[in-house]
Amino acid sequence: MENNIKKIEIITDFSYLKILTRLLDDHNVSGYTILKDVMGKGKRGNKDGHGISGGFKNCYVMLCLEEEEARKVTELIRPLIVRSGGVAIVSDAHWVIH
Amino acid sequence: MDSFIHNFFAPPVPFFFVGLLAVIFHSDLEIPEQVSKFISLYLLMAIGFKGGVELHESGINTQVALVMIFAILMALAIPLWSFFLLRKKLGAPNAAALAAAFGSVSAVTFITASNYFPSLEIIENIKNLNLPGNIASNPKAFIPGGEMVAAMALMESPSIIIGVWLYRKFSDTQDGHHMDFKEIMKEAFLNGSIVVLLGSLLIGIVSNEHGSKIMSPFIGDIFKGMLSFFLLDMGVVAGKRIKALKDAGWIVVAFGLIMPLINGAIGFGIANMLNFSAPNMFMFIVLCASASYIAVPAAMRIAVPEANPGIYVPVALAITFPFNIMLGLPLYFYVTKLVHKEWANDFILLMKQAASLGSVSGH
Amino acid sequence: MDSFIHNFFAPPVPFFFVGLLAVIFHSDLEIPEQVSKFISLYLLMAIGFKGGVELHESGINTQVALVMIFAILMALAIPLWSFFLLRKKLGAPNAAALAAAFGSVSAVTFITASNYFPSLEIIENIKNLNLPGNIASNPKAFIPGGEMVAAMALMESPSIIIGVWLYRKFSDTQDGHHMDFKEIMKEAFLNGSIVVLLGSLLIGIVSNEHGSKIMSPFIGDIFKGMLSFFLLDMGVVAGKRIKALKDAGWIVVAFGLIMPLINGAIGFGIANMLNFSAPNMFMFIVLCASASYIAVPAAMRIAVPEANPGIYVPVALAITFPFNIMLGLPLYFYVTKLVHKEWANDFILLMKQAASLGSVSGH
Amino acid sequence: MDSFIHNFFAPPVPFFFVGLLAVIFHSDLEIPEQVSKFISLYLLMAIGFKGGVELHESGINTQVALVMIFAILMALAIPLWSFFLLRKKLGAPNAAALAAAFGSVSAVTFITASNYFPSLEIIENIKNLNLPGNIASNPKAFIPGGEMVAAMALMESPSIIIGVWLYRKFSDTQDGHHMDFKEIMKEAFLNGSIVVLLGSLLIGIVSNEHGSKIMSPFIGDIFKGMLSFFLLDMGVVAGKRIKALKDAGWIVVAFGLIMPLINGAIGFGIANMLNFSAPNMFMFIVLCASASYIAVPAAMRIAVPEANPGIYVPVALAITFPFNIMLGLPLYFYVTKLVHKEWANDFILLMKQAASLGSVSGH
Amino acid sequence: MENNIKKIEIITDFSYLKILTRLLDDHNVSGYTILKDVMGKGKRGNKDGHGISGGFKNCYVMLCLEEEEARKVTELIRPLIVRSGGVAIVSDAHWVIH
Amino acid sequence: MENNIKKIEIITDFSYLKILTRLLDDHNVSGYTILKDVMGKGKRGNKDGHGISGGFKNCYVMLCLEEEEARKVTELIRPLIVRSGGVAIVSDAHWVIH
């Protein structure tokens, strides 16, 4: 419909959210959206969401970016996510409004 | 073992087991996370404020200074021997994370332990009745000093530094090393729990008696109920974490039971050497014997990413914590009374008076 | 009808209407969900613990046993006649879900009803004044026994079994049938509410008087305020659900008003036959007349997926619940007093003394 | 300035600074949002109910009527001069939003201010001791009337209408104009805070003394603790918002400090002219001087989308609010005592008695 | 796999959620999903999620619609999102079940 | 960019979350992510999110899977979602990191 963009979705350990957003901020990424109460299951076991003891909860970060910036961000976050665990995917989308 | 029975069956402790059993029987019981954070902040606010008021009254004397200095020293030293005890079996990253947890403290264990003592109000009430001279003349001798709360705050973070340092020194894979050390320090010393604890301690110190009375229904009267609720939640979370230990093996469980005894024994030795008062001795042992399952795991998750939170969290939360509140506290109280025989007699007298008064201990 | 006015205008009940009106006038008032769960767990903990303490004091006697046995029997029987009354108009799935709801109980209705009685503390206070012999000699005659709390816990789940059984027997479409029956039972008997209620009941039973006094500021003093807050929330949720009833039609609304009267009347008959004490009779009627809008709907949602939660939840929550707390309770209390004339006179005397004492009923 | 020291160091106020410092030092301290909503509803419920009970006792007299009428007039007038003072520097949309904020009120400032007065219970207690005739004969003269709570409720929304009207009249871009005015009114007059405040006020009015005593442990005893907790949260949020002011410039900060003084001075003039009682005068000044950072911003966000919430929220929350609770309240109390000299002497006497009684002010 | 649909995702200021859903309801949109606790960062600054003072929190609305209806909804929401800020994107998906 | 995957998204009645995850666990699905506070509107009426009375709240489950596994999971969940209501969609994405 409108011009093409890339949508990056990251699900990782909640403890790393502050580091991740600082990284994005330091590189002046145009925008991102965060969910803080994210549960799940993966290679590192069950994240049942009880935050009191740390490390058992995820966060979700989503970025809608032009192809160029998306590629930059992908490289930026890769080493962090390797360390913090979880998944990061990218898919195609289109702007309706920005 | 009378205090064991008492501690075991009267709230708040049994609520821990309700939570634990709920998980074991696959109930869907869950305390909402935000509520559990609220109650944990409430408990810290209450204990911090009470400690501050007491510290205001006692002032800084030699015992206060000694308690604080040795609290920090223990927080730095415990991780060292803990690490070398654990490293062979668990590897450097897990050993470092667990060592840091044992060097730090569990606020809820501390708070549960403080229930062993009557409140100052109750002692004052009894004073107006007939007490033997030695009790009446020094009611403060029967409650821990405010410095113990300060000691708890001081012990919360230093072990993180030692844990990270040990990990970096002894770990083969050098993964976390590019993490900013300053970052980790900030994480360690500025987490919300410490800020609320220290902030309330300070407010307790500066606010006069007036402030203390204003807060008393909030921080005093409903305190045990809130603690019961929190222990219910702890039981649920411990129950969930305990499953992860099946994979970790019995050695880890054994560590969770032995470490508090070793660390507690050393704490006892120091307290005895330095002539800590009986309540301070008991609380000092508790601080040494307890392990952190909140602040330290949060910091370790980032600083030592290779360590498995499925090991270090359950050991502290599902083994050491219940061991301490069930068996540890009565034991530590027992040895404290052994070396403070005279005090123990007076204390029993006092508690009898409190009971006959229709009053209750520790709120 | 004096108690009606009293019940209607004094907290906690009117807060329900504040919540209801807020929704009707499209206010954005919302009690955060986690807070509402916290307060509901708190209420269960408080009522369970109080019941346990009372049960500890009374022990297991014939009335206690009878109350519990007939509570279970009613929980199993009510769904039967309810189902056949409802089936024609609503179809088997909805009838089964509603039947299960009416067979179970509403803890908040029970708790609101318990406000009709003064607390034991108040009676003890009055005892020290001048009371006629019959009251002074047996103050417990003026409050419901702890067995009523046990009865409430026992009545919560059995109706789910009957409801599912009726649905499977009489439903044409056989959709939910492949659901594991064991699964549904677990859902029914191990939901968080029951665990907290039973756990607190047990802790109340084993913890001595000491424990009871520890908890009193938390579970006693702030209880009515917390209940007010919860009823505010109930009003909001009921207001949201009531809209769904427009589609369901007036017949459903009529059921929501008639069923409590039928079930309450049968409960009254049994209580009368078995010579329940006046407070127990009243509470037994309340248990029979009230309907579950939490535990049962949650189980029915899975066990009877064809039933419409837009029907069975609003009937229990937005029709039967407000009917009971507004009109039902005064009515049930009135008939209780009718058959316990002597008791009623003493009770009025007692309440006057309580009022002149400057004390309050029921906390 | 004695009351300044007192107000500054005794809870609840210093908890605001703990929150503020936590943010400044980059701590991760956060009060869960749902908990913060719960406490804010709790505070409104408590203050509303207490006001209702007082209003029930006083009835509607001339002062009550005057207070309410002039409260509304001020809520309508303050935005007018505020807007024209602000428009040049900030532009019409931001000026309209800020004008509406200053015309409305801050419930927490009001509640903190009410801590300057002892509770009626305490005065009654003192009455039984030895008080000079003028105090003993009219204890109510030492606390604000229930009409002040009603005034607060009445002042919350009208400024929104004026703000939107000013914006539509003076803004160049005509963006928000297609917004339904009725929509905005509903948003303004039916937000949850007002509903709970007015609802509790009404319940306080209709519920007899009985109801008041039932609620007292919930709304009275734990009130200051809950307020402390809320101020901790306010400190955290203010700290986060304060950063946004760096971009907005010093002029905005200056407005946040000057507007409460101007509006408070006018409120003082009116209260003096109309012979408000000393406590009512103080509370009236507080209402005029305080600014809304909850209800009004929420409405403005929709009604004036061009206004920058990064400006109007921080001014009200991070400048005017702390200014008021730290410096404003003592100042307003000081000028109130200046024009009520005789009252002030009696008040000091009363507070001394309260202190010697071991009792505390204001709960 | 199955028949094609469009997935519309909207992230905008939380204060506008009521207006947005009323708009969708008034036009009988077939269905939508809402998340209420959404943080993020964009052109209008940091939404750190503390709702007490309004305007610092986002909402997320997602709609799975047939191409036709998706186009209608896109036009419907455009003016609102322009006013309320945030982003709206559209991407391709397929029904598994509906 | 990287190798292709399928992203499955399920929105359904909250009461069924436990059954759904048990199903996924029983079949050793490689990973999933869960959101627990999900509101919305669909054929079965308004889910306004107030959980106290059950049945008025949704959950959201997302799975990033290789095409093969995605097909398996699709068939696995279909009968459950038919019973529990809601929607399930699948779309294309690419791994950034896994």
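Read from first to last, the chains carry the letters A, B, C, D, E and F; within each, the first residue is number 1.
Note that a contact is a pair of C-beta atoms (placed from the backbone, for glycine too) under 8 Å apart; a residue touches a chain by one contact, two chains touch by 3 or more.
Keep in mind that what you see is a predicted model, and the values were worked out from it rather than measured.
A.B. asks: Common contacts of chain D and chain E?
C.D. replies: The shared contacts of chain D and chain E amount to nothing, since no chain touches both.
A.B. asks: What chains do chain B and chain E have as common neighbours?
C.D. replies: A, D
A.B. asks: With centres defined by CA atoms only, which chain is the most remote from chain D?
C.D. replies: It is F.
A.B. asks: What's the call on chain B versus chain C, same or different interface residues, using the half cut on shared numbers?
C.D. replies: The interface is built from different residue numbers on each side, given that under half of them are used by both copies.
A.B. asks: By the contact definition above, name the pair with the higher C-beta contact count: C-F or E-F.
C.D. replies: E-F
A.B. asks: Can you tell me which chain lies farthest from chain B, using the average of the Cα atoms as each chain's centre?
C.D. replies: Chain centre farthest from chain B's centre: E.
A.B. asks: How far is the middle of chain A from the middle of chain B, if each middle is the mean of its Cα atoms, in Å?
C.D. replies: 36
A.B. asks: Distance-wise, how many Å sit between the C-alpha centres of chain A and chain C, to the nearest whole number?
C.D. replies: Each chain reduced to its C-alpha mean, chain A and chain C end up 47 Å apart.
A.B. asks: Approximately how many whole Å separate the CA-defined centres of chain B and chain F?
C.D. replies: Centres of chain B and chain F (C-alpha means) sit 41 Å apart.
A.B. asks: Which parts of chain A, given as residue numbers and ranges, touch two or more other chains?
C.D. replies: 35, 37, 49, 91-92
A.B. asks: Two or more other chains in contact with one residue: find those residues in chain D.
C.D. replies: Chain D, residues with two or more chain partners: 28, 32-35, 37, 217, 221-222.
A.B. asks: Return all touching chain pairs.
C.D. replies: So, checking each combination of chains, I get A-B, A-E, A-F, B-C, B-D, C-D, C-F, D-E, E-F as the touching pairs.
A.B. asks: Can you list the residues on chain A that touch chain F in the complex?
C.D. replies: Where chain A meets chain F, its residues are 8-11, 35, 37-43, 49, 58, 60, 71, 74, 77-78, 81-82, 87-92.
A.B. asks: Touching chain C in the complex: which residues of chain B?
C.D. replies: 6, 9-11, 14-15, 18, 21-22, 25-35, 217, 221-222, 224-226, 228-229, 232, 355, 358-363
A.B. asks: Would you pull the chain E residues touching chain F in the complex into a rising list?
C.D. replies: 1-2, 5, 7, 21, 24-25, 30-37, 64, 91-98
A.B. asks: Would you tell me which residues of chain A are touching chain B in their complex?
C.D. replies: Chain A reaches chain B through residues 13, 15-16, 19, 37, 44-45, 48-56, 83-84.
A.B. asks: Using the touch rule from the top, collect the residues of chain B that touch chain A in their complex.
C.D. replies: Against chain A, chain B makes touches at 33, 36-37, 40, 175-176, 183, 233, 236-237, 240-241, 244, 293-294, 297-298, 301-302, 305, 309-310, 313, 317.
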